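Should a chain be cited, it is by its letter among A, B and C, assigned in written order, with residues numbered from 1 in that chain.
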Amino acid sequence: MTIPNKKLFALCLVVLALLFMAQFVLSNYLVLALTRILILAIFAMGYNMLMGYTGLLSLGHAMFFAAGLYAAGLANYYGGVSLPIAFVIGILGGGVLAFVIGLLALRTQTVSFMIVTLMFAQVAYLLTLYFSNVTGGDQGLTLPTASRSFSLFGLAVDLTSPMVRFNIALTLFAVVLIGLFAVTQGPLGRLFVAVRENINRTEMLGFDTYRIRLLAFTISGAISGLAGALYGLMFGFIGSSFAEFRSSIEVLLFTLVGGPGTLLGPLVGTGVMTMLIDRLSGMTSAYLIVVGVLLIVINLWFPKGILGTIRDRWVPWLK
Amino acid sequence: MDIAPYLLLATLEGLVQASVLMLTALGLSLVFGVMRVVNVAHGEFYMLGAVGAWLCATLIPGHPAISFAVALIVAPLIVGLLAALADRAILQRINYNPEATIVSTIGISYIIQQLTLMTFGPDARAVDPPFYYNIRFPWFGYSSYKFFIIGVAVALVATLWLLMKHSKMGLLMRATQYDRETALNFGIPVGRVYSAVFAFGAMMAAVAGVLVVPNSQAHYLMGHDPLLMSFIVVIVGGLGSIPGTIAAAVLIGLSDGLLSVFFSPTLAKIASTLLVALVLVFKPQGLFGKAGRI
Amino acid sequence: MAEVILLKTRGLKRHFGGLKAVDGVDFTLRKGEIRAIIGPNGAGKSTFVSLLSGRIPPSEGTVEFDGQDVTALPAHRRVRLGIAYTFQITNIYPSMSVLENVAVAAQSRLRPSFLRKGASETEIEDAARAALAAVGLDDRLDEVAGVLAYGHQRLLEVAMGLALEPKLLILDEPTQGLSDSEIANFIEVVKRVAQSSTVLLIEHNMHVVMSLADRITVLERGRLLAEGSPAEIMNDKAVQAAYLGEPA
């Protein structure tokens, strides 16, 4: 099998190698920060597949992240399900919810689609509050100490170790990155972009665009669920704050900053933004003001994001 | 005890809520109807109206009626000015692209919210009503101020209706709404009409905010619920349709008042949000016939 | 030898409110011919071919294609059965390269299901190149489609239609806005296409119609006014009154 866009593939490998090396150079604190960035970047990559490549702007992706988080976390907390299986349940949770919501929401387009996804996500968030005797609501649930380690294929894994957590996050990041490389740079990705660029033309070339969009939505939801499950299980905490509207906006912002429709954009955007938000929230409680300003500034002057601008100016294969 | 007094009380409360909702939702609907954009910062304009009323009450000495009267005029004007500025500085430059406008107004809403938090603070603050007279019913007394809210809202909506139908501004708005290109060709200053509409929509939210403050309290996050409720009203009533919006506001205001007597507020919110999402999916023209589409 | 019927409509109607855009058309198209549809503005030509392609559903009547009733099929299913449609207004993927534009079309034929395996990327790109060569755009494969000259964009559309290898290619006013030399080239392209596919052409330019069409159908106010060879149509009194009599 031939690999399309070999330069981009090589760049992905280089980035993965650099990330792997980072753990030997960075302090424990920064390794932890990078672990968080990698997980949120997985979320952003899932979002980007839908928003960047397929052109569907969802304002409710927090619900899929939360679906993964809760499906995995509750299975472990109440069902005592082992972590690897809980993780798979989380991915399924995100994917199944996305499939069902997609069936409905994809009957609408553009502005309606944004509002419908927002409303469904709001319902999901309110449900986590309404059933707070199960979910822990705002207070959340802390997973039991027994769930801080597991064994996989006879290998004991200790989740209290920052290095272990980092390498798990990096491994899954790499899997998702390479998987999305295969999806976006191949025939399926061509159809996603075709739907984004001209949905009527794509329909008149013989494609059922509803099914293409539903597939993109479901993959995107499953990846978001994966990120949510990973986040909850690795840090041993699940709470409804992850389902808030703000999470949906943050993942949108990560994607916008990095460059929608570029494979590595979400990593760049998540890295830049989480560093910035961490710095700012240390200084002021009103860090959201920066989020607000950035949303406007990017829209006005920087709609392609960091990698998108680089792609358009200098590096056409960066897509 | 008899249930009739409860129902009467719930109906009255529902009518008060419906009036405020009608004003707020009409502002959102007007902006959508003419400009074809969704303003997510609408709830923040409502909140600024309320905070403005509190500010007037603190700064202006004397009888609360004086500061309230000032607030009712000054707060909407300032909010309108702010909205016009936002329109000029941001929305006009992104050419009212529907998706970019939503993202930008989310940004505006964060900025307004957080600036209010930094200056006004995180606490909820009360404002005295302009008058205290209680109307006696056989079963309970009811604040005449709440009737005043209903009166002002109805008067304002009637004025809006007349303006849209009979004034030159109304004509310009309707022409622009009907066909932007043709309006441009006829020399209608579409850019200025848009700024005016955006400002006017914000002012309606601000008036609602001023009216509601003596009844509840001012808080920097108080814009959330009115935004959500306005969305619900505008979508159920048919996007951009004024009669539909009014009908939906009364229906939803009343039923919300009645429902919250019997159900938990969270459950009511879940049900209504879900309902609206499904209306948008299956009946995008709204429940009251055909109006604009998104 | 009996001629094979490719497409047949019965009582096809489409009303928009009170306007009868297409008002009960019985229409038959034989395999292999080049058919032109002409008629004054507002005669319902574009609506008629939109009904054939499935872009809009009919109010009444049936469409039969290749012996199968396709009236209830959505547009994308009809494309898969072999009805390709090029838009009246240029409708391409502006930010993609020329090759990628046609590759989407080629993929529709060679790899119809986006989940199951189909032809390889190499095969898809080869098919796209062949279609582009057929319209003479093979020297512009990597150019961004949106910046092509208008005439080239129209050819690109035809190439997208060709890459589908359709049984029926519907061209909605393909030469509108083209220069004379571009039109001459276009006529040659369509002649080549017609060797392997049936062509249905909506066209205002009578020169194009006369150089290409085997038969002509005239629509007026949503109804079929006349049908025949170019010579018959030129001499038809009703047609002259309704259409050709008008100053062009």
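Basically, contacts are C-beta pairs under 8 Å (C-beta built on N, C-alpha and C of every residue); 3 or more make two chains touch, one makes a residue touch a chain.
Just so it is clear, the model here is predicted, and its values are computed rather than measured.
Student: Based on which chains touch which, give the shortest step count from subunit A to subunit C.
Tutor: The distance in steps between these two chains is 1.
Student: What are the two chains with the top count of C-beta contact pairs?
Tutor: Chains joined by the most C-beta contact pairs: A-B.
Student: Compute per-chain Cα centres, compare each with the mean of all protein Cα atoms, and return the closest chain.
Tutor: Most central by this criterion: A.
Student: From the mean C-alpha coordinate of subunit A to that of subunit C, what's the distance rounded to whole Å?
Tutor: Taking the mean C-alpha position of each chain, the two centres sit 43 Å apart.
Student: In angstrom, rounded to a whole number, how far apart do the mean CA points of subunit A and subunit B lie?
Tutor: About 35 Å separates the centre of subunit A from that of subunit B.
Student: Could you work out how far the Cα centre of subunit B sits from that of subunit C, in whole Å?
Tutor: For subunit B versus subunit C, the centre distance works out to 51 Å.
Student: Given the complex with subunit B, which residues does subunit A contribute to the contact?
Tutor: Of all residues in subunit A, those touching subunit B are 57, 59, 104-105, 107-108, 110-112, 114-116, 119-120, 122-123, 126-127, 129-130, 249, 252, 256, 284-286, 288-289, 291-296, 299-300, 303.
Student: Contact residues on subunit B for subunit A in the complex?
Tutor: Listed in rising order, the residues are 38, 90, 93-94, 98-100, 102-104, 106-111, 113-115, 117-118, 228, 231, 235, 264, 266-267, 269-270, 273-274, 276-278, 280-282, 284, 294.
Student: Which stretch or stretches of subunit A touch subunit C in the complex?
Tutor: The contact residues of subunit A facing subunit C are 2, 4, 186-188, 190-191, 193-194, 197-198, 200-209, 211-212, 215.
Student: Of all residues in subunit C, which touch subunit A in the complex?
Tutor: On the subunit C side, the touching residues are 53, 55, 74-77, 79-80, 85, 87, 91-96, 100, 103-105, 107-109, 111-112, 114-115, 118, 120-122, 124, 160, 164.
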